[in-house]
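Should a chain be cited, it is by its letter among A, B, C, D, E, F, G and H, assigned in written order, with residues numbered from 1 in that chain.
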Amino acid sequence: MTETDPKPPVSEGNEKAARGDKASPGKYVYDGRTPPINIFLHWCKACNICIAFCPKKVLEPDREGKPTLAHPEKCTQCAICWLHCPDFAITSNYK
Amino acid sequence: MTAANGKKHGKKEQTDRYEIRLSGSGGQGLILAGVILATAIGVGDGKNAVQTQSYGPEARGGASRADVVVSEQEIYYPKTMKLDLLLALTQEACDRYYPDMKEGGILVIDTSLVTQVPTKKYYGFPFVRLAREEIGHAMVANVIALGAIAELAGIVTKESLKEAVLERAPRGTEEKNEKALELGFKIAREAKRKA
Amino acid sequence: MKRSGIGKARLLQGNEACVRGALYAGVEFFAGYPITPSTEVAEAMARELPRNGGKFIQMEDEIASIAAVIGASNAGCKAMTATSGPGYSLMQENIGYAYMTETPCVIINVQRGGPSTGLPTKIAQSDTMQARWGTHGDYTAIAVAPSTVKECFEETVRAFNLSERFRTPVTVLSDEVLGHMREMMVIPEKGELEVTERHKPDVPHEWYKHFEISPSFVSPMASFGEGYRYNVTGLTHDEDGFPTANPIEIKNKMEKLRFKIERFADEIHKIRMDMMDDAHFTVVSYGSVSRAARQAVTMARERRIKVGAIQLRTIWPFPDMKLREMFAGVRKVIVAELNMGQLVNEIKRVAPRHTEVFSLARYDGEVMTPHQILEKIREVIK
Amino acid sequence: MMEKIAHGSDVTHHYLRPKKKFPNVWCAGCGNGIVMGALIRSIDRLDLDKDNVAVVSGIGCSSRMPVYLDFNTLHTTHGRALAFATGVKIAKPNLTVIVITGDGDALAIGGNHFIHTCRRNINITTILIDNRIYGMTGGQFAPTTPGGSFATTAPYGNYEKQFDVVKLAIGAGASYVARGTVYHVQQLEKLIEAGIKKKGFSVVDVVSNCHTYYGRFNKEGDAVEMLSWMKKHAMPIEAVRKIPPEKMKGKFVTGLIHEHDATEFTHEYQMMVDRLAQKEAEK
Amino acid sequence: MKRSGIGKARLLQGNEACVRGALYAGVEFFAGYPITPSTEVAEAMARELPRNGGKFIQMEDEIASIAAVIGASNAGCKAMTATSGPGYSLMQENIGYAYMTETPCVIINVQRGGPSTGLPTKIAQSDTMQARWGTHGDYTAIAVAPSTVKECFEETVRAFNLSERFRTPVTVLSDEVLGHMREMMVIPEKGELEVTERHKPDVPHEWYKHFEISPSFVSPMASFGEGYRYNVTGLTHDEDGFPTANPIEIKNKMEKLRFKIERFADEIHKIRMDMMDDAHFTVVSYGSVSRAARQAVTMARERRIKVGAIQLRTIWPFPDMKLREMFAGVRKVIVAELNMGQLVNEIKRVAPRHTEVFSLARYDGEVMTPHQILEKIREVIK
Amino acid sequence: MMEKIAHGSDVTHHYLRPKKKFPNVWCAGCGNGIVMGALIRSIDRLDLDKDNVAVVSGIGCSSRMPVYLDFNTLHTTHGRALAFATGVKIAKPNLTVIVITGDGDALAIGGNHFIHTCRRNINITTILIDNRIYGMTGGQFAPTTPGGSFATTAPYGNYEKQFDVVKLAIGAGASYVARGTVYHVQQLEKLIEAGIKKKGFSVVDVVSNCHTYYGRFNKEGDAVEMLSWMKKHAMPIEAVRKIPPEKMKGKFVTGLIHEHDATEFTHEYQMMVDRLAQKEAEK
Amino acid sequence: MTAANGKKHGKKEQTDRYEIRLSGSGGQGLILAGVILATAIGVGDGKNAVQTQSYGPEARGGASRADVVVSEQEIYYPKTMKLDLLLALTQEACDRYYPDMKEGGILVIDTSLVTQVPTKKYYGFPFVRLAREEIGHAMVANVIALGAIAELAGIVTKESLKEAVLERAPRGTEEKNEKALELGFKIAREAKRKA
Amino acid sequence: MTETDPKPPVSEGNEKAARGDKASPGKYVYDGRTPPINIFLHWCKACNICIAFCPKKVLEPDREGKPTLAHPEKCTQCAICWLHCPDFAITSNYK
């Protein structure tokens, strides 16, 4: 537990970068209106995974522990939240 | 071969049968409350008590339910047939189980969670709020409810219930549990007086 | 073996009561594989046995579990396992081995809805016939069925006693509701209930025949490590335990398996009667349905219907004669079961001519209610 | 395609059952859902026709997965998924057959089918969700539960030894053996994808969390804590190969750990049939 | 699929005839594990299937064998396995899965002496009740029993037909003597015997319900890879195949499993009668015992005893009504079986009041002889 | 002692059943009898009390052995010997428990119990008579039957892959894995002896001859020819370690191939019980 | 349902039933001889024939036995009841099976192996010696015996038997087998003439 | 099959030598009367193993294929015959 994070080659940072895609589509910038991600509260079970692992602290829990978009502007579309959501409750709006 | 024919035929049996349901959602400690209640009645007061509960996906998900049947005599049918007392800690539980009540049965609800009560005759207490605010421990709402039920139904002695609660209380929480139980007795006593 | 918690009233789950009963009877070995709704039996055994000088092992599956139980029994332990439908099906081959090798052991089957994976958390009584006919070949089975937590305790003790006395596997047919229900019971003091110990040989080892055909058909049983060095095989064998192809020896063996139990069937049968003295109608049931039946009969008596209740605590061997006697004054019998009608066929077979038999079958995963039985009583007496 | 995968929404709707039974039965935060996501994304990347994918499972929390997936799904008996899947694959070799199983399902009751399927090298991809416990039945120890851990049937600490799934699979002859975690989802996706592509039997051992039982009994916390533990202690095989063994203490290896080439079972069968036909033709 | 050797008289072993029958019926998949005395079935399949476009696999055990068969059947193949007592016991859990998932498949059980390993090379008919009650839970079973090599062929064809028609596993109860005996038979030409093909859905896939409750209770069956993408589970399920806990859906499912067979029982029953027209006595039997019975009855007729023979080619569902009719003029019935008395209990249950039922049971590993039956006839008619 | 072993006669009479059922059921020249001789001599060398030895077997020609042996003998169901033996051993840990099994019994139907017993490292010695066929049922292929070989269920040549018993046992965690042959009887005797001495699970894989089926179907001749083949192709591990791998072509390794130290199962159980007792005493 | 009631009751059936046992020790090819005989009768002559044999440890060890029942009609009971013809190639077989013979049945023995014959009425031929010396191939003793049986019992046509033998003969041995069969016919014909 | 015999360290040659026993008891010499080994013909199944593997060709088959002591004087008590007899039909007379 004391050893350092071995930094696995995937699953962190921008997904496309992790895949080594050649064409880099440029950084995502929040347009101030469209939320970067959608959260289907009905499917969400408030497990806290998305909130805990969002590297930019975009998400914060509501009273029931479900994620709310507290800082949409910080989102980088890194995909960590939706790839880890066990309940398919997050999708991205970045087209 | 055993013949249990001793009892007179036709004799009305189990007129003292009393059926209780504790209902709400998972995590509210209702199964434990049911076990405590049955223990108090059975081990403490020496009556018969049967505790049943719902298993299955239902149990893993949201809803939770514990039934207790009490009688001085042998309890034939172990499940509830018509409830003498229903404790409902969520709206869903209240809606679902209210029809299972006997006419004249006692309905006890948590006023902070059950907002639409299907009858006017009921006892309402804010168990969860009381637990948080008065005892400082949200987890003892079930114990406050037990105290209230004991007072209202009169099917268990307070001493036995206290003993049973304390036996099950995690170490270090004995005092809070005792306080919660007393609070339950008190609020119900007051409510009865008012009623 | 140390025993704990005797003599005090306590609230116990049906599954826990089986464990307490087994400890009371002197269980020394448990092997099992978890399965709903029997798992609490294994869990309680895992807690209790290591503290009571016994052995607990969770095996890789049910086949291995019953195999280990039979192995341990041959090594001298009172041994048992617990399971539910799918596991019980898997155990069948080796249960047959226990019949053939006359190895005492107890199997608790906490029934759930079937067939297949079915309804893991819902009640059924649909392994009743399987408990008699589940493995291939001929044999005579013993199965008992409790209806209360107290009876879970008692029937487990009795299962061990019958098993050791008759050198045969015994099934306890419990069910999901019973297994999970909590009820008051006082654990009997030591000596209060009979506990049968294995009948050991008293002859020198050269004279010992592990499968001797004695007058009672039940032969004394030595254990591994006691100096007898006998052979045990699932092949049909002679009295020494060596495989045989001799028709007379085969016949003798088969009759031994049958008559060692059938001859003493009277002592194995256990039937509870409620309000049967003057009954013209009766509800026959077993397991947790019997409780609804008693309730229903009480309710019917309030309506002046002359109905009684018969609870079979022994399911197999089936009490042909006893029931026939009990039906002497009975015109109509309702057989209430949580299955599509299993034991009702046996009752039809044994019912005297004047007795009509009706089936009340429920198979939707729910319990049988007193009202349902009452309704059937009213329908039938019309 | 990449876009679609990255964004997930249409993938979800394409691969989950039309009458979606969500929220699913699993506990909040259970890794099973994460694996399911990785699986559908890898299938999507491979662009397989849904009609030609069969997903077979046994019994367990993990084995409930097929119910949600819009493929040909067979939820079988406890431990037997691989045997059923073998029947499916031999009957219709053109189907892509994927088995979802748990550590109890595959390695306790199902151990024999596991090793024999490894031996036969039949083209089935097995995703073994390894949460080190029997989740479905409420937390009994599994053949993978670490020694000393607590479980309802190990109330005084587990005194049994464990299988190393990877060693066992290799020992039995599997031609593709990988390990992933539910934290490292994208690695997992790729391991599954490569497993499906592999012509032969492939095992992807997925370290997952059952915080409800294993986590709770062993003070390993909730889903987040257990995923964090994986993040900390997983070591990709490429890295492992470079460091001295003592640095591996407390860590576990992930990635494609073993691969070899061997003829596939249904292919061998077909070759036998062809040889026979040729012989008969020659007559 | 190519078929070989049709239309020519040949000497075939009973086990081989099962294989020929299966090929005639269109078997495409066999999975099995060797066991005496059924092994020749697997061996012949290993030779024939690869040459006939089918698939043969020897699995690691019987559990895996029946699992693979069910898997293959869901993938669209007519599929079967063959085994004997111990293997049949092991298969029980998954046979239950086939009942629950309504998967057609055929299991040939070439019976030998039991219980347990018993008598691998000796005859018995002691898995008769197990074929009805072997797995846990409720269901309705189909089992057929040939008595000649020709019937081995025919009953295997029929087993496939019933299995495909009713979407259910079907057991062929053969035995050691029958399986190993060689006898003349002419393999029927194509078209001579009916061959039932699986009823396929004709609705678009969004409308398809894999477990639809139709008027006949039997629903059409799509296969994997045909575009329907349905779910199959051993949990009790709704019409779509999704697990359910709803009592009404559960009840519907259970009744479907039962009535899809019981409603058509008349079409499943197959009974051969010999010299029954004027019979006051009759010998009821099945399997290879029926041959001894026919011989015995012939011998008794020579002695002017008015006795006939009834051979049950369908054992399950049990022909309650049919037998009751046949017993109309019959005073005494002898039930001859190579077991300790299994089917005799069913006959006792269904026999009308005027008909007395006697058991002739042999269980020493030897065949039932005509003389033994003749003797029993003489004893009984006294 | 050495003398006695060398001469055999009194050993025979001491360890075979008083009512000897000889000649035994095996075919003339069957290796099972040779293994039985090696077994009793190794037990004799260890000077074990016959009353404290339990021999457990499954079903198969090989598994018939216990019937002849004057110990506590348990001839069980096909494939389950190790599970029964586990029960015996745990119930009475002071018994020396030996399992006699065949390649079909242990590795086909019994594979799961085999790997789990390896994993648990319970003190049982398993003698696996590996004749590469199902002898008892008349010559169907086993999971050890070489590819291309003929068997009644492989009439066109076996197209399946094989288990390497040694690799499988090691992969599953066995702490003692050896291989002998019925030709090299004295090596076999020693391997069995050391296996019994080992505190933990030990497997002795014995290459044996079923000339009646395997030999006949595959033109490998009678017992003498098959034993000669073993003589030619066996290579002791000590020698193997010294030669380059290519020299191993067509050969197979014999001797003690793997050994490691690990706590034994019944010992671990007893330690758990002792810890518990101590805790209760401390209260 | 099939009713096979066509036949008249009381009619004596299977008066033409003929039962044969070929017995000796393993390796003498008796099972094969039984199969050949049944094939010749069934496939060749179009009668009914059932062949059974002993399995089990008995079969693996020394003794070997094949039974054939022949009839024009349906053969009900497939096993032998009383033998019409017994071929015994070992003393053990002769001792064991002689009592199973019908009165007036035909006993055929190998004179070089069966030395104590339990009756005076029998046909004796040195099959094994003849095979070795006359045909030069010990393995065809069974075929010589088949020839003799055919001649003595008259339940199979020679043509059918020849065809069945040749069908089963390993490639290259056809001639020897034919010779053996003819030899069998011949010796039996001569013996009959003498008798 | 063509490679040379790897000469396993045991099972061939004098057993005691193979075991490396220190005290060598000297060579066995046939006394002309007591046969070096006993053969229980009743248990013998004529498998030919003893005959084929006797390094000194002491044994020869009788009519039934069972071993006879053709050359007792050549026997070295090497033990190969009785250690390999699957039927416990040979014991040694060398005390």
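As a working rule, a residue touches a chain if its C-beta (ideal position, glycine included) is under 8 Å from a C-beta of that chain, and two chains touch if they have at least 3 such contacts.
Predicted, not measured: the structure shown is a model, and the values here were computed from it.
Touch-path distance (fewest steps) from chain C to chain F is 1. Chain centres computed from CA atoms place G at the largest separation from chain D.
Averaging Cα coordinates per chain places chain D and chain H 56 Å apart.
One finds 25 Å separating the Cα centroids of chain A and chain D. Between the Cα centres of chain E and chain G there is a gap of 35 Å.
Residue positions of chain C with contacts to 2 or more other chains are 36, 50, 60-61, 63, 86, 93, 97, 116-117, 120-122, 233-235, 245.
Residues of chain F in contact with at least two other chains: 27, 59, 77, 108-109, 111-112, 116, 143, 156, 269, 272, 276. Residue positions 56-57 of chain G each touch two or more of the other chains. In the complex of the two chains, the chain D residues touching chain E come out as 17-19, 21, 50-52, 54, 56, 59, 66-67, 70-77, 80, 83-92, 94-95, 112-113, 116, 269, 272-273, 276, 280. Within the complex formed with chain E, the chain F residues making contact are 59, 77-79, 108-109, 111, 134, 136-138, 140-141, 143, 152-156.
Across the interface of their complex, chain F is touched by residues 28-29, 31, 50-51, 55, 57, 59-61, 63-65, 67-77, 79, 93-94, 97, 206, 224-235, 240, 242-243 of chain C. Chain C contributes residues 63, 85-86, 88-90, 92-93, 96-97, 99-101, 111, 113-122, 124, 126-127, 129-130, 132-139, 233-236, 245, 247-248, 250-251, 254, 257-258, 339-340, 342, 345, 348-349, 353, 363-366 to its touches with chain E in the complex.
By the touch criterion stated above, chain D contacts chain A in their complex at residues 2-3, 6-9, 12, 16, 22-24, 26-34, 36-38, 182-187, 190, 222-224, 227-229, 231-236, 238-239, 247, 250-251, 254.
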